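Chain nomenclature is as follows: A, B, C and D, assigned in order of appearance, with residue numbering initiated at 1 for each chain independently.
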Amino acid sequence: MTKRAVYIVAIVCGLLTWCGARAQMPPEEGVKVRELPLAGPHWVFIMNPFSGTLQVTSVFVVDGDSLQIMGQMTGGITSAFAVSPDRKQIYMADTFYSRGSRGERTDVLTIYDARHLAPVGEVILPTKRQLSIPDSSQMAVTPDGRFVLVANVTPATSVSVVDMVNRSVAGEIETSGCAETLIAGARRFVSVCSDGAMLTTEFNDDGKVTAQKRTDKPFFDIEKDPVFGVPARVGEDAYFVSYHGMVYPMNFASNPATPGSAWSLFSDAERQAGWLPGGYQPLWGNAAKGLLFVLMHQGGGEWTHKNPGTEVWVYDLKQHKRIDRIVLPQAANSILVSQDNAPTLFALSAMPAMMQSFSALDGRYLGTISGLSGVPWEMFGL
Amino acid sequence: MTKRAVYIVAIVCGLLTWCGARAQMPPEEGVKVRELPLAGPHWVFIMNPFSGTLQVTSVFVVDGDSLQIMGQMTGGITSAFAVSPDRKQIYMADTFYSRGSRGERTDVLTIYDARHLAPVGEVILPTKRQLSIPDSSQMAVTPDGRFVLVANVTPATSVSVVDMVNRSVAGEIETSGCAETLIAGARRFVSVCSDGAMLTTEFNDDGKVTAQKRTDKPFFDIEKDPVFGVPARVGEDAYFVSYHGMVYPMNFASNPATPGSAWSLFSDAERQAGWLPGGYQPLWGNAAKGLLFVLMHQGGGEWTHKNPGTEVWVYDLKQHKRIDRIVLPQAANSILVSQDNAPTLFALSAMPAMMQSFSALDGRYLGTISGLSGVPWEMFGL
Amino acid sequence: MDSLVEQLTRTVAQRTSRRGFLARMGKLMLGGMVLPLLPVDRVMGTARAQMTMGPTGTGRTDDPSTCDYWRYCGFDGNLCGCCGGSHTECPAGTIMSPTSWVGTCRDPSDGKEYIIGYRDCCGKDVCGRCFCENNKGDMPIYRTQLDNGVIWCFGTKPSSYVVNCTTAVRLGLKT
Amino acid sequence: MDSLVEQLTRTVAQRTSRRGFLARMGKLMLGGMVLPLLPVDRVMGTARAQMTMGPTGTGRTDDPSTCDYWRYCGFDGNLCGCCGGSHTECPAGTIMSPTSWVGTCRDPSDGKEYIIGYRDCCGKDVCGRCFCENNKGDMPIYRTQLDNGVIWCFGTKPSSYVVNCTTAVRLGLKT
């Protein structure tokens, strides 16, 4: 044997030690990469857009039943997030710079295989993406999965229409004076306008506008009592909630959208006791049961609309009536409710970084996943 | 005035409010970008390579006298760091991926103007940079400022020689079996080898090796008592310290380097009391006074070489004698001593993230900067 | 886009005639730029609404190193004073944004309401020190110019939408 | 580089003749690859040195969910078991590194010393959960294969040097 042959390559030295020890050793272990089951109804995607850096958005995939981490996705600056209707793909719209915090900007829609959480494709986007605290108004998928809509703010507002069959940007739709891309039908999305009106846009498979109509008047009073940006969705109805606790239902089935009758979340006594809705993601609906969940805090007065909440109040949307108050063991910044018939309520806290789980129908505390790293901000569901 | 003209652009609405209020307003304030004075001898660069992300290395520039943040630099994956001899430029060797955590890799030497902390140029590097916990063995500048040496580990080891006049990579020098780029002269650098020997490489202005010599035997016993990777530098002498507290002086003026007599940091009693050197950056020298500073902890035994230290022991390098023990109010992970005649000792703690300051000569506590964000790991000085 | 923003800023700074400025704006818009537009009275009305909505529990001190400094009533970010700048200065090497979201805060020293511009210093990753989140006047994205959750680096040159820290400059008296 | 590493790994897994494997290695190296080379006895000697250096205060339990699990005696990183994998599985969508730094840890159940490979799962940013730093056998960069501060994603395919979490697989009995 040559001198060279008695040398080994350091990077496999462990394996070579194995060579020497082979006679007396147990089988060598390998490492494999996990594959996930199809996402269950209680899976939740926890987003950390601001965890020690503005350049990276991390998403934890959590099984809300076992309260275990299933995996993670890594995006760029304040990513947008959505799951395909068939749950087979996950989309993140990301912004990257060639030198991390500077250089050339690339906006890109990344397509993940949901079973592997691995990128399987991408579509380059116009470098116009809305870069702000992420929420579910920033990206949406049409019910047939054909198009992904990505909100742009430059600060002029528009929507990039991404054709997922051709994997290309089909078009860009202007929504001047209005923002958000709330999916409202096969080829229809809704935006909220700066004067409190609502804009409904219909488009075709070429990514071109076919109809765009505004409500003839505001559906809430933007001067006196603005609504949170993201409504609770229950079928074709969307329930906007104002900073002061008024509910403004909007039916998305028509163009323009049709306002329903406003009602208040609070009795006079509750209002006087200082209860207010608030958080980063303060409301969520459950369509199966027709329920509205609102994160509530007491005290602090005006402009506490992003304060963490200590309770979740549950409303019957037909009766406009509160049916439960769920006291949270730990104050939370965001809530989400699963869409199945046995819905789970998730309450996410940014600091300490943890997520509590409750039976949404009877308020029973089910458990907590703690030690989420970073500062988790939002949740996305299925 | 047309209807259009009574509308204003939202992005300057603040300024336009100014238009309306002009008659009764105080002067509008502007925002300017600060310019820094030339770096003083007590400036220190605090590096956070692992602050919630592996993709970003943040560097805080701190004035060690006022203990104020002067600014910040943002690098990529485990950046290397060095300051030009004239203090006018700062270099960071960075690694970026086109999609943040994946995609195409770019290694680049970024040149910052030290007065503005802004990038003024860059040199693309071979995508071979050493990616590991940063320290001062990974990048060095020749005394005349002409060349920057960047350590490569693929895991094969080599050094990229960057010509700062031509702003290009002049060459790549192999250091097979040896790592580190410790500058040792005008065109000379030193590496430590995997068998405990030392390799000295001389090169020319074309970035080519002119001489490369290895010590004929190890200068420490790698099996029984390995040395920390980065020595304390005092002029042409380098003082390596072993995990067990032996000092191995090496003179870099010759090729190969010349070993001095080893000596112990500890008396038998101290050794029995369980004192050991340790930390992420556990030793530093001061050439002006011929002193060696070592971060010490007590207890824990073998393989505690990265444990935080509770004291800094100060040695006279001529007499091989300890002359001071500085008890740290807060345990620290890394130390650095300035190179002037009135040197300051800095002690950096990763958690809580803070840096303490002491008079290096009499051990007097001078102050702390706390609330450093992230997990600060290393310091670089001038 | 960048040059438009800069031009607008310079124009505003140079003009003494409001009417002339607005006419110029109209011309720029006719030039094909699409920007979210609001009538002047809407902006002013919103500012009024903020004012009448009462105290927020913040914004009552005169110390710019604390989250309670009066100018920070609508602040969301890291104080530049903790990051190598000040409440009116960006740290060295950052890129000052020519744009900002705005708030209306009461100066305790004279009891008057001022329009405050929260101008981000961009181009370096988040400083992470002295994070403050007050939300007076904050609105969702549909009222973009009042949304403190937006990365307000529009118009930076060179362009970067990574924020290091945020300033709070006085743009004028609230009318 | 990538294909070499893969080839080596496959080769090791398939060969039963050590001599044959080493001969093949020699051929690969003659093929022009430059890798940091160490004599076998050096690696083994180092492993021996680690063994004689005594207990470290960690590595004494049989619970892979804690930093004290015996295999983690030389661990530095985030436990994959907290990140969607396990101590022998990478989380979904990460890229398993074919290379690793190594340590020598004692299994409390049989009292024997095993060579442990700490294989990083790469391609996603750091998980951040269950960070453990034990340092038995850790050496600086001049002993690369024992340096737990190195990002051990050499040979990943597709290549990425961002680490999500780290596993700890038993490579063999320490001889």
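The rule we apply is simple: a residue touches a chain if its C-beta (ideal position, glycine included) is under 8 Å from a C-beta of that chain, and two chains touch if they have at least 3 such contacts.
Predicted model only: the values in this text are computed from it and were never measured.
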item	value
Between chain C and chain D, centroid-to-centroid distance (C-alpha), Å	51
Centre distance in Å when chain B and chain C are each reduced to the mean of their C-alpha atoms	37
Computed distance of Cα centres, chain B from chain A, in Å	40
Multi-chain contact sites of chain B, meaning residues that touch two or more partners	10-11, 51-53, 55-56, 58, 74, 100-102, 155, 194, 373-374
Chain C, residues touching no fewer than two other chains	35-38, 99, 124-126, 128, 144-145, 154, 162
Overall pattern in which the protein chains touch one another (line/ring/star/complete/other)	other
All touching chain pairs, where touch follows the definition stated at the start	A-B, A-C, A-D, B-C, B-D
Residue ranges of chain D in contact with chain A within the complex	5, 8-9, 12-13, 16, 18-19, 21-23, 25-26, 29-30, 35-40, 43-44, 47, 82-85, 88-96, 99-100, 102, 115-117, 119, 121, 124-130, 144-145, 154-155, 162, 164, 167, 169-175
Residue numbers on chain A that touch chain D, as the complex places them	1-2, 4-22, 24-26, 28-36, 51, 56, 58, 61, 68-74, 112, 115-119, 371-374
In the complex with chain C, residue positions of chain A that touch it	50, 52-55, 77-78, 95, 97, 100-102, 105, 130-133, 137, 151, 153-158, 174, 176-180, 191-195, 222-224, 226-230, 300-306
Partner chain B, residues of chain D touching it in the complex	1, 34-38, 42, 45-46, 48-49, 53-57, 99, 123-126, 128, 133-145, 147, 149-151, 153-154, 158-163
Footprint of chain A on chain B - complex, ascending	10-11, 51-53, 55-56, 58, 74-76, 94, 96, 98-102, 106, 108, 110, 119, 155, 194, 373-374
